[in-house]
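There are two complexes below, and they share chain A, which is joined by chain B in the first and by chain C in the second.
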Partner chain A sequence: MGTDRYAYQSRLRRVSPMPKLLLTAVTLVVCLCCDSVAVGLFTLVGMGVLVTALGGLSPRVYLHFLKIPLVFLAVGCITIVAGSYPAGTEMVAALPVGDRLWGFTAGGLWLGGRIFCKALGTIGCMYFLALNTPVTDLTMALEKLHVPRLLVELMELIYRFIFVLSETAANIRTAQDSRLGYQGFRRSVSSLGMLASMVFLRAWRKADRIYTALESRGYTGSLATLTDAYRPGWGLLPLTALAAAGQMAVWFVEGRLLP
Partner chain B sequence: MRHLTANQTVRAGAVLVGLLGLLTMGASAMHIAEGMLPVGWAIGWGAVCVPFLVAGFFAIKKKIDQAPRAKILLAMCGAFAFVLSALKIPSVSGSCSHPTGVGLGAILFGPLVMTVLGLIVLLFQALLLAHGGLTTLGANTFSMAIAGPIVSWLVYQLLRKAKAPAAVSVFAAAALGDLFTYVVTSVQLGVVNGGMVKFLTIFAVTQIPLAIAEGLLTVVVFNVLEKYSRTELQELRVL
Partner chain C sequence: MNAIQAEELCYTYEDGTVALDHVSFAAQKGKITGILGANGAGKSTLFLSLNGVITPKSGRVLLGGEPVRYDKKGLTELRRRVGIVFQDPDDQLFSADVYRDVSFGGVNLGLPPEEVRRRVEEALERTGVSHLRDKPTHALSYGQKKRAAIAGVLVMEPEVLILDEPTAGLDPQGVSDIMRLLLQLRDELGMTVLIATHDMDIVPLYCDYACLLGGGKVLTQGTPEELFAHPEALRANHLRLPRIAHLMEVLRDVDGLDADRSVATIGAARREILRMLKEEEP
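Our next item is the complex of A and B:
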């Protein structure tokens, strides 16, 4: 599902999740703190290079994944950029509505662009983690970081059940669709409601059966698993420093060029 | 409006229609994307969530200590919330969106449990589907796993106390919880760079039809559940 499929195919899959988490966290924080167009774009490209060169992901897939959050970003940024201003304001492009001007000012465009680029950079950082680390590895890492055991266990169980339930939901959806269940609004709502409640019911009963199965195998309240044998991935540490240094360098250069 | 020529009116109308078209495209954008919030706000919203999460965590712990079976059930509920939010909901305005599941979750599981389940679901949505993000996890958790469910739950409890019909209470709880989630999201986006009114207007235009659709959907879900799974619903009261 989503990024997970590619995470399992990544060449960094066997590398311990810790250095990957560190790289993501450091570049993410630096990118967010610098708050500049150049650093955002640099981070985006840099993470693309890391994901494709180290992880072995095809660039096309990376670009495809970048498209997904664009909708969320566009809505956020357009509302920042566009606005109504009193007549006489200096505008880049505007349309008069009543006695006010609707459109973009240079300042607004600059602000929107900066937020957009910064957000793209941070999305690149997040993808480095998501496209190279399967969730199961991540939960192991969280446990090492002393996140409460119960929370981690819930995460592991939820992660597993997501796939079970979405398969159920997809099957029901196909069955309904093939019987013209999604023709028109009324029927769609009733079909979807039926689907949601049936998925809930099945989830509930399945949970019951899983618990019975677990108990008959000596379940005492926690699911203990062994950690995988990871490669330590020391090589990622200097890379983290390098990436952060690159971001800072870009930041300084941009600060010099744009007074 | 006195000096407006016909030409200007047409142009203004065209702009508005264009904007509306764009907005229905992003109608499902209830998550705040990664990197949209500055560091201060990201940390701030995260901090606001902490007490709710701690309370939710201990509520879950207590339930699991009493009945170990609850852990598997809660995990199933979390997965159900994730799958629900991945479904496409038909909308009156013609666009498609995803249900938030805020109202359904809050009514079924209670707001405290929803905080923790919501956090996990949002984390998975950020990592697996790129909806939301790591730095905006706090803000998204507050709007979708704390504020929305609390409103839904309160509305539901109040209407049930007031002896309103079940369908009405479920509809109002789901629709209002949905709307409140969007209000919180627009406030979160608006306080950073201004333009809260803009965000609220957009959400009002795009989200009210969606909230109504989600309300109707939740009523249908409840009717089916009441018919076929009375025992499970009764168990939930004690869960």
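Our next item is the complex of A and C:
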């Protein structure tokens, strides 16, 4: 949700979501298929350059957004890399526990490194999409790609009402807090339970009122709307080719340098 | 001429609450009519039945003199010609994109895309939210959401525009902006406007006619001045006189001055007080 705020300020916001989706999809697939450290890092940096140069995002914000998945990635990769091996295996670093060795092997480290960098690259691709395309444009694009209407409409409604519900929840929480509802563990738990049931009830009633409002505007079962005019964004197509070519080149060079 | 008219409307909710009890009233074409009533007086139910969301148990709704039919075609027609703006804009704005939300009603009318776009532009311009088109709905202020909600109804180019509590929750500037917008719609487009309100001070300023609703019945209707001449009926229904009209009532009843009962706006009060001062002088 944090990314959405920046998507609305992006210089690419008015560009049709299709070429943006294409650029993301192509670079993402190439990055996944190459399965290499260099391509992963290249994709990450390349997407960073695109987001900052084309979208006008400050590099600091981009780096900030990378911090969050970085933590998850690091934890995930450590669990892949570290393992227990039979005594006598060649290890980079290990601790003997009983008759087995716990630690890292060179092969394991390489594998972890590759997964880590590959994942970073794909995160870069997704950020290019997320930081330049508001969710509503994305759902519009999905509709054009023949994703079932029902699914797309649900996504749109859910996205819109996440904000309404979280506002409701925040208001209830403030009201409870102002009457000392969150002092002590027991009271906090019971207050939180009440909050959850209240939010559910209100959502229920709200759904009724929204339906009425939609009906009064001629709703007959589909949320068909028009978007504001897009810029076609043809310029992104050669850029997509260029990015993919760059990824392939890096992959090729890496293959040559590393036996 | 009556733009929209209700005849003997009755409606009872499933739980037995009688919301409308033989309601008959008419809104004149190209005028602003205020529907006054306390909470639970039946204003919202009346509005929903005027737009066909609720089908009255008995009685009928006449639109431009013709009774409304409740088949699919009749309802589509009714909803095109009668638009409702709900009290809470968060109930109405279903899309996170202002432009798309405003376009919804136009698309539902089956208009060609160019025509929808033209209408969306016009509605955004008229309601003064054109500059907000690049913002997500959840980033708008309450007043801005309200305007966007009005734009979403204007796009259908209704003949009758119904607003449920249009001024609730707005700051004084927001109230006068919204009400001035309604005056513009009346004067420039000849739109018939119905507003439900218990903000009594806006009634003499912006309403051409008013109708007092209580307990699901129409109690009185007429010009605002006629209604204010009978403050008892308003007070019995948890309403009050506008502040200025109250002042005039006090001047008349407590201080024994010859103040006109129907005076309810600052301008009229000024003239009335100056007149009384002049009469005292000699």
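Here is the rule we go by: the second predicted complex is superposed on the first by the 243 of 259 C-alpha atoms of A that agree within 3 Å, B and C clash if a C-alpha of one lies under 4 Å from a C-alpha of the other, contacts with A are read in each partner's own complex, and residues count from 1 in each chain.
Here is the rule we use: a residue touches a chain if its C-beta (ideal position, glycine included) is under 8 Å from a C-beta of that chain, and two chains touch if they have at least 3 such contacts.
Nothing here was measured: the structure is a model prediction, and the numbers come from that model.
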{"item": "Three-chain arrangement built on chain A, chain B and chain C clash or fit", "value": "fit"}
{"item": "Partner chain(s) touched by A:154 [first = chain B, second = chain C, both, neither]", "value": "first"}
{"item": "Superposed model, angle subtended at chain A by chain C and chain B (C-alpha, nearest 10 degrees)", "value": "90"}
{"item": "Contacts of A:63 with chain B and chain C, given as first, second, both or neither", "value": "neither"}
{"item": "Which superposed partner A:228 touches (first chain B, second chain C, both, neither)", "value": "second"}
{"item": "Touching partner for A:4 - first (chain B), second (chain C), both, neither", "value": "both"}
{"item": "Per-residue touch tally on chain A - higher for chain B or for chain C", "value": "B"}
{"item": "Touched partner set for A:71, first chain B, second chain C, both or neither", "value": "first"}
{"item": "Touching partner for A:180 - first (chain B), second (chain C), both, neither", "value": "neither"}
{"item": "Chain B versus chain C as contact partner of A:249, first or second or both or neither", "value": "neither"}
{"item": "Partner chain in contact with A:106 - chain B first, chain C second, else both or neither", "value": "neither"}
{"item": "Which of chain B and chain C A:136 touches, first, second, both or neither", "value": "second"}
{"item": "Chain B and chain C, minimum CA distance [Å, superposed model]", "value": "10"}
{"item": "Residues of chain A that lie at the interface with chain B and also at the interface with chain C", "value": "4, 135, 157, 159-160, 164, 206, 210, 214, 219"}
{"item": "Residues of chain A that touch chain B when the two form their complex", "value": "1-4, 24, 28-29, 31-33, 35, 40, 65, 68-69, 71-76, 78-80, 82-83, 95-99, 102, 111, 115, 118-123, 126-127, 129-130, 135, 138, 148, 150-151, 153-155, 157-162, 164-166, 169, 182, 185, 188-190, 192-201, 203-204, 206-208, 210-211, 214, 219, 221"}
{"item": "Chain C-facing residues of chain A, complex", "value": "4-5, 8, 13, 134-137, 140, 156-157, 159-160, 163-164, 206, 209-210, 212-220, 223-229"}
{"item": "Sites on chain B touched by chain A in the complex", "value": "1, 3-4, 8, 11-12, 15, 19, 22-23, 25-26, 28-29, 31-36, 38-39, 42, 57, 60-61, 64, 68-69, 71-80, 82-84, 86-87, 89-90, 92, 99, 104, 116-117, 120-121, 123-124, 126-135, 189, 193, 195, 198-199, 202, 213, 216-225, 228-229, 232"}
{"item": "Chain C residues touching chain A - in the complex, by the definition given at the top", "value": "48, 51-53, 76, 79-80, 83-84, 86, 88, 90-97, 99-101, 103-109, 113, 116-117, 120, 133-139, 152-153, 156"}
